[in-house]
Amino acid sequence: MSADPFDDLYRELILEHYKKPRNHGPIPTAPIHVEGVNPVCGDEIHIDMNVDEGIIKDIGFWGAGCSISQSSASMMTDRLKGRPASEAKDVMTEVRAMLIDGAPAGNDLGDLEALEGVAKLPVRVKCALLCWNVLDQGLTQAATTA
Amino acid sequence: MSADPFDDLYRELILEHYKKPRNHGPIPTAPIHVEGVNPVCGDEIHIDMNVDEGIIKDIGFWGAGCSISQSSASMMTDRLKGRPASEAKDVMTEVRAMLIDGAPAGNDLGDLEALEGVAKLPVRVKCALLCWNVLDQGLTQAATTA
Amino acid sequence: MLDVARIREDFPILHQEVNGHPLVYLDNAATTQKPRQVINALVRYYETNNANIHRGIHTLAQRATEEYEDTRRKVARFIGAPNANDIVFTRNATEAINLVAHAWGDQNLVEGDEVVISIMEHHSNIVPWQLLAQRKGIRLRFAGLTPDGRLDMDCLRGLIGPKTRLVSLVHMSNVLGTINPVAEIAGMTHAAGALFLLDGAQSVPHLPFSVDETGADFLAFSSHKMLGPTGVGVLWGRDGLLQQMGPFLGGGDMIATVREEGSTWADVPHKFEAGTPNIADVIAFGAAIDYLESLTMPAVREHEIALTSLAMDRLEAIPGLTIHGPRDPLARGGVVSFEVDRVHPHDMATIADSHGVAIRAGHHCAQLLMRHLGVPATSRASFSVYNEPGEIDALVEAIEHAKQVFA
Amino acid sequence: MLDVARIREDFPILHQEVNGHPLVYLDNAATTQKPRQVINALVRYYETNNANIHRGIHTLAQRATEEYEDTRRKVARFIGAPNANDIVFTRNATEAINLVAHAWGDQNLVEGDEVVISIMEHHSNIVPWQLLAQRKGIRLRFAGLTPDGRLDMDCLRGLIGPKTRLVSLVHMSNVLGTINPVAEIAGMTHAAGALFLLDGAQSVPHLPFSVDETGADFLAFSSHKMLGPTGVGVLWGRDGLLQQMGPFLGGGDMIATVREEGSTWADVPHKFEAGTPNIADVIAFGAAIDYLESLTMPAVREHEIALTSLAMDRLEAIPGLTIHGPRDPLARGGVVSFEVDRVHPHDMATIADSHGVAIRAGHHCAQLLMRHLGVPATSRASFSVYNEPGEIDALVEAIEHAKQVFA
């Protein structure tokens, strides 16, 4: 990692996910729809998901926001699609620890590791967290409707 | 006058009027009753007066307040009892100029001249002015009911 | 024990002459002086970090936001509140009480409901309820006092009943010094299913304080009475209470979304902090709390008890002088109101001022209490951490002088 | 012409590096920086005069009261108000507008009455009326904009009718910079028998201003946007209007007499200043006004027009960059909101910050306007007396860098 927090922020991987987001767009057949907005800046994330027998069969997102909020969502769906909901929870905990407490990224985060630099700019942490808070709602819904 | 504003404030004459107020107490037969309160400190002045054919035949005051507000009222009634209402207005104007603008006291003020030192303590000016504001109401009433 | 000599070094204002005498500042219940640590916090903020908060991405805005929210956490810790988000910054204690009257009262009270206060309340804890009574048709009830200036607990108990929705009382009287038995009152209030608002304007600055021990549901107090700057008050609400309330003032920072059809609100505490807050003073208030904590509140209390004892002993020895309120210095704060035969309080204050001694004279925003005491006004000396025994000598001298003038 | 180099010497905060670059502060519409004259006024107040005002007899209280009331007179003179007693100090512009919504609105409006605002309003001039609409069943109507970001005067004219009781509009938009034709609007409003509230938060700090020329009946603005401290706002009411209104917040200093049965109110402005005011900051606000007056407002305006022209020219030359609002720098204040293709405003602000350039990104408390513009947020640069042309170069450089990152 470089000494300049700004170099760490806009890493290649983040820009790539921002410019070409994975799993982008609604999934009309998905039983779960959740959304969230960051009242401070107006960023918005919607997530459609299909959790079947504890597995995130399908997940898609859309919304409006900065490179951090959108790439975080893209990386998140990329990392979690096809994975068990329980694993999603673990990853969520790990990402939050990394962003909020500046904990080092574990090597099971994949691309999400690129968000490590965000922790150094507290004002942007909420951007990166938004999709995870929305996911949290989605997982809760999945658990209660299962 | 001495250089110390506090010496000027509590002059003999003021203390004398405070301890032995002239024209103190209500006049039950007087047709005019006016009153006023200083909301900042709670000082209260009541005035009863009888103005007949333009002459202040009788005037009495009572109330509660500090030495400045009470002696000012005592001196005022002393100076104005038996005098024409028009003269009362002139004296009122002169006293206000003395208290508010620090104008020198004219020699027609009698004992009231002792209030000159109050002008140097702005926070006490309102105490001295209270009875004059009440008198002002009384004179207005006298003029409109005449 | 406080090291008062060292403390006085921190208060630049104390080192001046007033009317040819060293300043003796005994008007601390009105507002306290500020240590250089607080003044420096203001200067440092404006010279290095000043920016509008919450919505800003740039570095200054981040720094300002962090320091502002830091004070919220400090305040929470200082009053023993579990959750910093239950702290709302207002302009002063008065606004904090008005906020409850509007945002809680208008929404929850209906005609016939009762709010119980007492006749020892400051106007700030009377008028908001009178205005609410006009708006909502509630009934305002007034607990009386015992002859020695304590809350009449039997009277209070008799007033609290099934119609009571709120009991709102002062913790420490700004005239009598009386410290009310708040935990007991909280118990009576909660047993009746009502809420308890505590006016801590005079207590939080001077006592070891824990909201939990008081049992209060709402707490109001002011920065300027506890070594902090003017322009900052605090409202604290017990967990969940503020969340359930609708907004009070509308504007920037208190919304989630604004649409023509209507708006939704930000979370507590932002919901109650509309518009640009008093950022600099909130941050400097944090420095005031640090300062008090460095002295430790038990030591502050001990120091003020000692001064109050001394002052009461010295004043009671003056013939013709009467002190209002409880006799026991442990049952009161560092506030001593008194009468001197034949000397009106305004004259007392002016003569004290001629000795460089700053005391307050008047109704102290407590006209109901003045009527109860049967006086139009009182003279009041009140203490803080930088006062010392010699200053009580100066006060006594001024009183003797006033007696002479009006002998 | 302003001597900007000399002015910059007065602002200590400007002489620092942020992220390795000299600070370029272009977030002045959010809050301005403070000259040492203002900071010194705070220090001097706390080091020599601090006391609670209005009710105090001692020397410090007299001095503090005089200085506090001095600022009231300075504010009146600055906005060309004939009577200083028509100036009420609030916490900020937001509270000033809420005060009118409560103390005037609740008392004078009935179901079916209409309040007209516009979609370019700051949330502070939207939400108080939405809350009033909930309380009183009034109807809130929204004037639209022309394609170049001016108020649509035909639309506005169509909305103002016999049911209109108040027209409440921003003088200068904090996003578009648009300066509205207030005298004409006042004429239309008064012809309909309604009152006109002017949100001067962005105009009073930056223009030669006279309430008489605007035709406003109420005016709201904030100290912190005009080189003064945080925590002070102003409400001005045309002669007699404030007198006729009932109180808003209840407490100390705003009463004449308090009895159990009810209370009576002090005269304006004290009726609206409940509790201990933000004394120190009001006094320091006086120093800010002195400072602006020493520069002279026509020179301030001229300086900001020059900067705005330059900024618009330089920014419009950047491919993919769009500026919102009127093209003519004379028709707008020193506020330039812009979009850069593919660069989200938050990313723009973060990258600018990495160059030491403080700009704002977001909805600027104007969500209705954002929806109208069809964007979730904009980037905004805004100017004050200490900004200089070289700082626009720094902004342009940051924008070019952001374009590269997101190319």
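As written, the chain order gives the labels A, B, C and D, with residue 1 at the start of each chain.
Here, contacts are C-beta pairs under 8 Å (C-beta built on N, C-alpha and C of every residue); 3 or more make two chains touch, one makes a residue touch a chain.
Source: prediction; values computed, not measured.
The chains that touch both chain B and chain C are D. Relative to the C-alpha centre of chain C, the farthest chain centre belongs to A. With centres defined as mean CA coordinates, chain B is found 79 Å away from chain A. In whole angstrom, the spacing between the mean C-alpha positions of chain A and chain D is 38. Averaging Cα coordinates per chain places chain A and chain C 46 Å apart. Shown for chain C are the residues in touch with two or more other chains, namely 19, 55-57, 61, 255, 257, 346, 350, 353, 361-362, 367. Contact of a single residue of chain A with at least two other chains is seen at positions 40-41, 121, 124.
Put simply, chain C touches chain B in their complex at residues 19, 344-347, 350-351, 353-354, 361-363, 367, 370, 376-377, 405-406.
If you check the complex, the residues on chain B that touch chain C are 4, 6, 9-10, 15, 18-19, 40-44, 64-68, 121, 124, 127.
Chain A contributes residues 37, 39-41, 121-124 to its touches with chain C in the complex. For chain C in complex with chain A, the residues that touch the partner chain are 54-57, 61-62, 65-66, 255-257, 266. Against chain C, the residues of chain D that register as touching in their complex are 12-13, 16, 18-19, 23, 25, 27, 30-31, 33-34, 38-39, 42-43, 46-52, 55-61, 91-95, 97-98, 101, 119, 122-124, 126-128, 130-131, 140, 142, 222, 224, 229-233, 247, 249-255, 257-260, 262-263, 274-281, 346, 349-350, 352-353, 357-362, 364-365, 367-368, 371.
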